[in-house]
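Multiple structures follow.
In the two assemblies presented below, chain A is common to both, partnered first by chain B and then by chain C.
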Partner chain A sequence: MKKQLFRGTELLAIVLSAFLALVMGRWSIIVIAATGGALVGLAQDRASGGWKRALQIGLIMSAATVLMGWFHNNVLQLLPVQETINASARSLLTYVGAMAIGVFTSVAIAWLRCLENQKAGRIGQLAILAAYAIAFPFFDAVTGSVWMATIIVCLIYAMQAQGLNIVAGFSGMLDLGYVAFFAIGGYTVALMNSEFAGRHMPFMLIIWIAAAAAALFGLLLGAPVIPLRGDYLAIVTLGFGEIVPIAFKNLEAIRINEPISAIIAWLSGKGAETVTCLIGCGDTPYNLTNGTQGISPIGSPGESFVVGNYTPWYFLILAMVVISVFLIHQLRHSRIGRAMVAMREDELAASAMGVPVTRIKLTAFMIGAMFSGFAGAFYGSYVSFISPDAFDFSISVIVLCMVILGGSGSIIGVLMGALVVKIIDLLVLDKLQVIINGIMHVTVFKWNTNPGLNNFLESLLNMTQYKLLLFGLILVIMMITRPQGLVPASVAKYPEGK
Partner chain B sequence: MLELKNVHTYYGNIHALKGISLTVNEGEIVTLIGSNGAGKTTTLRTIQGLLRPREGTILLNGEALEKLAPHVIVQRGISQSPEGRLIFSNMTVRENLEMGAYQRNDKDGITRDMEYVYTLFPRLRERMTQRGGTLSGGEQQMLSMGRALMARPRIMLLDEPSMGLAPILVDQIFEIIKTLNKEGTTILLVEQNARLALSIAHRGYVLETGEIVLTGEGRSLLDNPEVKAAYLGERAH
Partner chain C sequence: MQTAANSRAGLRQSPIWRILLAIPIIYVVLLLGQPAGLDLPKIVDTIRNDPGILLQQLINGLANGAIIAIIALGYTLVYGIIELVNFANSDVFMLGTFTALLSMSPFIIMSENGGASVPWWAALIAFFPAMGIGALLNVTIERVAYRKLRNAPKLIVLISALGMSFILQNIGLQLGSLGKLAQAGPQFSIFSILGSNNAAPKSFPSVFSNDNLLEYVFPSEPTPTPAADAGGAAAAGAVAGELSEDAVMATANAAIDATMVADEATRAAAPTEVVAADAEVTPEVAVADAEATPEAPVADAAAEIVATEEPTPDIIATMNAENGGQDVMAEAPAATNEAGQSIERTKVRITFKDLLVISVAVVLMLVLRWFIANTKMGKAMRATAQNRDAAKIMGIDVDRVIAITFAIGGALAGAAGMMTGIYNGTFVFTMGFTAGLRSFTAAVLGGIGNITGAALGGILIGILAAFSDQFLSVRWTNAWIFLVLVLVMLFRPTGLLGKHGGEKA
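So, the complex of A and B:
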């Protein structure tokens, strides 16, 4: 049964890589092959045939990627209204590079996973992934693929997804208002480091304040609603996710009177002049969040963090994600983490085993909120602009999609899920749009001479507007065919005989 | 050791336990028998703190338990193998056992007790790295009991260990219950299989619609004509 399960991951890796290569083409097939290779490698263990099987599957996956890439570069490129491809991106080097890196990654990761010395194997896998992550900015610069800005956003979402994975994945609580903590993180950084607030605190301090603020609100929200189960919890958190951005929108004209004097003034029928005012007493009330206009600019973490220079941002968020993943991994295998999983499995049994269920749920909620707070703080600094509109309900939904698609409770799966969902969202749909437009130009638009109808068709087939529909569709298909997600949560392994 | 005094438990407005009083002495096997819906599981859940009694007290060596949270009650030395086993099906056998020791901190003691559980149930050692959900019914029952043992309980509550098991497995499980008791664990056993339960128990209580209607030594209850008629399927002579 296990073998069957992993065959699914292999198939997914092949199909996903081929599809992405078909749509993206160019240099990106090297990145796609590396990612596909990582997935193929991760799908192997000793029972599945180890590196030998990885070699076969890796070859198939890389070949499919290269073939589709070639098709994109040479056939789809012939369509009208395509962006031009520079010669090096369609040279032999690209194809050979993609092939080599795809096969190498599959085999290397699979081989490391099957090593006798599991610890060394794990370190080796991490080293490969780290090498790719570090090499990426240079690859991006050399090839001019301008992906950095997008990848940074992907990593912000990856961090949120990791946090939500603690709440929804480990502990099995459905949180539909996760964006609230992201917003709290974002506004914290805006209020701690901007001209508007008149404060300039160092970034390394702010992210901790942001995380603490998010955790505190997690506690405040969680304490009364945690005893609720399933649907009820989902509804309350949904409400919280809506309330927080609205609160930030309305906190632009605050005037707080001292209540006792206000009551006396009202009782004695005297005018407002006797009321003692506490906050926002001048001609204009106190403006905390600048309402719908939002706060901009927000100070950057350091001197090298300037607009257009993405490399320091990339490494900062990468470091934050890596540290989060490490911490969450430790959490999962700690006593508390195990209690969370047990609670998800069977709450009554967990309770009977001595797990203090309410306390553990609250802990999960707070820790989850904390990571969203970190992500929010980085986001605020990165875009240098915070407004209530940036924290839409759809963010909660997309982050939840990432967790479910990636594999609830699986750290590496959720990471992959976040990258895949956000890359499809930000890069692939645009490219797909260009290709569909090209196909329309050589087919329907050629035959049909009514410009009104053509315009209508062009806007109808605009892929980016089907974003949410597509995610919904993917989610439904995944739930039917592969409910455990891209990379299922693995069962903890112990050395034999211990 | 464990004493229930006039315990009343409700599910909403449904009066499930109507003043249960019972005692379990150190070193005993005490069984609670009765038909479906008599309140056997409710009694165990009330002792464990999973349900709150509206009236009455529960004493463990003189300390009142009825206000304590379930995890504190586990610390005080009560653990159970719940009805339907309720093992964590996506966790390994080993992780299940570790969950049983959740309230303990003594690493050496946990390792020793895990070894003890593996000696008691050799099948669990073979299945150590398997997911709990892939075990057979009998193995799951063993795991559930092993998990309860991992809390190193002073008194262990067993809820229908024979449910859904083949007769040969039931005999095995009951042998193990006897062994456990000989090695010093006090046991409160809830069973529908009255004959088997009474044959190994020192004392027994018969529960009927939330009330204790009969009590006595295991042997004497086995011979009691009312019990025979109602629970052993024998006609009263």
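So, the complex of A and C:
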């Protein structure tokens, strides 16, 4: 049997890290090497050769990253539109650091994964990830890479992706309107803690209200359609994701009369005085959401949470993500979680074995909505501004992309998928745009004097307009080549009789 | 335990349970529907004062419904054979409109006042590339994204379809960039119709006049209302390039003020103001482009609609309620309409476009029915739909049958794209999304997999959309359609004409 040179995930880790390093350059290669190393490590198990193979692959990955980073710092830098790089970012320290951290991460994680004592191995991996996560703000401050704001957004999405993972990954239900619950969470915060609503509740209370509201809407939506087949559920959730922002956009002048009394008053020809008015009875109708203008400002969780100071926000969302991951991990291995997976694998067999399919589906749907509600609540507080335009269909698809790319059903995979997709979306495409524009400026635009043609080429090569294509490609390619994702969910083994 | 569950399921099937369930649902709809424009007394009064408006919206609904029905046929055919919701179908529809526009653009005649038009034969010719490209695209999509997944779980194919839909949408966005080529030289002048902003709505040249055919049958003295006058002035201004959309809106507002009694003025002016505010919101897609404000052709189109006083809340306009320029177009005719209403009753208009769209749809449906019922390939399609493995055993080339099904669906979507262009005069690259939601609802309403059902569902959804635009609220139309979708799935998952069980695995 021929030995495979690179397996899918490893190859992708190498290519992805090299590409990201090429586009981002500077200090970021340290972060990229660490992420790539984690991916390489996660791809190993005892059968694949353990830490020895991780050492080889990690070396290749780190070398590729460093080489590409060097290329960016020294060659691409010459392009006309680049910002300048400070000297420390191109010093030897950066390259050595990236190399070391890449190799260390891959070897350490692979070694921990192959330990006899699986529990200790898992704790060790978590410790490495935790160390990186805690070190990140200091790294960001030292190097002056302004990534904190982006990473916070990434973590918000990571939280959503974890929630969708329960619905789509564990239970196998396709929810295409996931953004609706995000919006409900965001608006709940806006209505509970803002000048507009005239209420100021503590953040720690509101996020629970927001999550409960999202779960309630999940129940209301799910109850009628969940007994139906999966593709109908996908369409109904798609519609729901479309309607919720429409509702938030237009619920700015509400006046609700009791319908029976209104019809009686109309039939009997009496005036408005016999109509029982329920909401918005004054001269001006009730303004719930402030329409397209949205609600701003939204109160912050605490005194240190001010604009421009990202560190407390970062640790808050990090804590929320960690707690979510822990809870979802517990859920996955609980009775309900096992029922979900059984249902996903074979609904008929599961129901024959006594799994209450409809109830489990509804539970999964509600829990998934709840995590999106948490994320929405944090998002509302973080940007301090909520408007219906922030919740369009593409968010649902981005979150789905994260789940699919990372590996549906795999908690750690989805976490990595979320970070990769959102970082590409927010940071890499812009950088790529700058580089391509630079290359065009020194080549084609120099030779070609027709301004109309140049204008057209510039618009055609505008990478920031290819987001939809990117997400579409991720979905199609992953489905065709690797539907289980980059870091597939491991098949959990339970001791017999438990 | 088991018997209790059984009796509960039996209760759920019984008509009494359904009626009992329906009463609270109707009450909740009446209660919560009010912010979305559901006000029965007002609606009945409007119709009683002006029955013509009902007929007019019925005609508009039929025409828009015909387009929805044609797209729904594509969904229902593909679903009937491989049980896949082909999300990309509605983006093929969008690209069909692009193809039609580009293949017509060499024949565009610019009139003195800036309006673009094409001769009727060019429009006729453009049907063929639109349908051809639609078919080709759909077959390619099937080959690339679905064929390898033939035996994969349903959701995997569904996700692939979703991804394909996004890819096509991005292609539509970048096709809009071709408009920038127009400045590169005279040889590229056919692209000038696309405008310089790739994300902005594109205007479609007018093919047929907006003459009221009823005028020829029952001639009457034309008595323009003040609203129409003001609208005409707005149109003239916009054509001369002097007025922005806001100005057009302002003129429309003036028209309202001039013609309406005081309380009606306050009622109608409130939404119009909001719309004007909307127009300032830059379309999000065009972040990279500085010139994100909707440009002259759009203003032109909007003004044209105001001028003709045609209460056509077109698919696209309502589809993109979030897009500034579109809102103007959707609301302006309604506003003028409300204004005109207090003066005189709506004169029912049937234009040649209405007839054309409806008759093309009918012809396409009849041809499709004939094809499926009478040809050998049609028989093979029915056999494949019934049982793919058995069909294979009987010597049917299943892959080929599926490819031909996709080709037919794509051709129909392309034709629908062309019809949308002719009928609405404007389109945008995101229109596939809402069109898809509507036509899928139509297919489910009619009974998915059933061709007559898709046609019926399309017409019903079109009429519902037109009525909602007029009598409920143009901003909530999608919500009302969604409500229909949920109610159908709740009470009759097999649809109106569906026969087989809803749980076909």
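Methods note: the second predicted complex is superposed on the first by the 477 of 498 C-alpha atoms of A that agree within 3 Å, B and C clash if a C-alpha of one lies under 4 Å from a C-alpha of the other, contacts with A are read in each partner's own complex, and residues count from 1 in each chain.
What we mean here is this: a residue touches a chain if its C-beta (ideal position, glycine included) is under 8 Å from a C-beta of that chain, and two chains touch if they have at least 3 such contacts.
As the structure is a prediction and not an experimental result, all values here were calculated from the model.
*Asks:* If you tally the residues of chain A touched by each partner, is the higher count for chain B or for chain C?
*Replies:* Looking at chain B versus chain C, the one contacting more residues of chain A is C.
*Asks:* Looking at A:Leu468 after the superposition, I want to know if it touches chain B, chain C, both of them or none. Which is it: first, second, both, neither?
*Replies:* Touch status of A:Leu468: second partner only.
*Asks:* Is A:Glu116 touching anything from chain B or chain C once the two structures are fitted on A? First, second, both or neither.
*Replies:* Once the two structures are laid over each other on A, A:Glu116 reaches no partner at all.
*Asks:* Touch check for A:Ala350: first (chain B), second (chain C), both, or neither?
*Replies:* first
*Asks:* Have a look at where A:Glu303 lands relative to chain B and chain C in the superposition and call it first, second, both or neither.
*Replies:* The answer is neither, since A:Glu303 touches no partner chain.
*Asks:* Help me check something: in the complex, which residues belonging to chain B touch chain A?
*Replies:* 48, 50, 69-71, 74-75, 79-80, 82, 86-92, 94-95, 98-100, 102-103, 128-129, 131, 147, 151
*Asks:* Could you list, by residue number, the parts of chain A that touch chain C in their complex?
*Replies:* The touching residues are 168, 172, 174, 176, 224-225, 228-232, 234-236, 238-240, 242-243, 246-247, 249-260, 262-263, 266, 278, 291-293, 388-389, 392-393, 397, 400, 404, 450-453, 455-456, 459-460, 462, 464-469, 471-476, 479-480, 483.
*Asks:* Inside the complex, what are the residues of chain C that reach chain A?
*Replies:* Counting only chain C, the residues touching chain A are 27, 30-32, 34-36, 39-41, 44, 83-85, 144-145, 148-149, 152-160, 162-171, 173-174, 177-178, 180-185, 188, 198, 270, 274, 277-278, 281, 284-285, 287-289, 321-322, 433-434, 437, 440-441, 444, 473, 475-476, 478-479, 482, 485-486, 489-490, 493, 502-503.
*Asks:* Quick check: in the complex, which residue numbers of chain A touch chain B?
*Replies:* 335, 338-339, 341-342, 345-346, 348-356, 489, 491-494, 496
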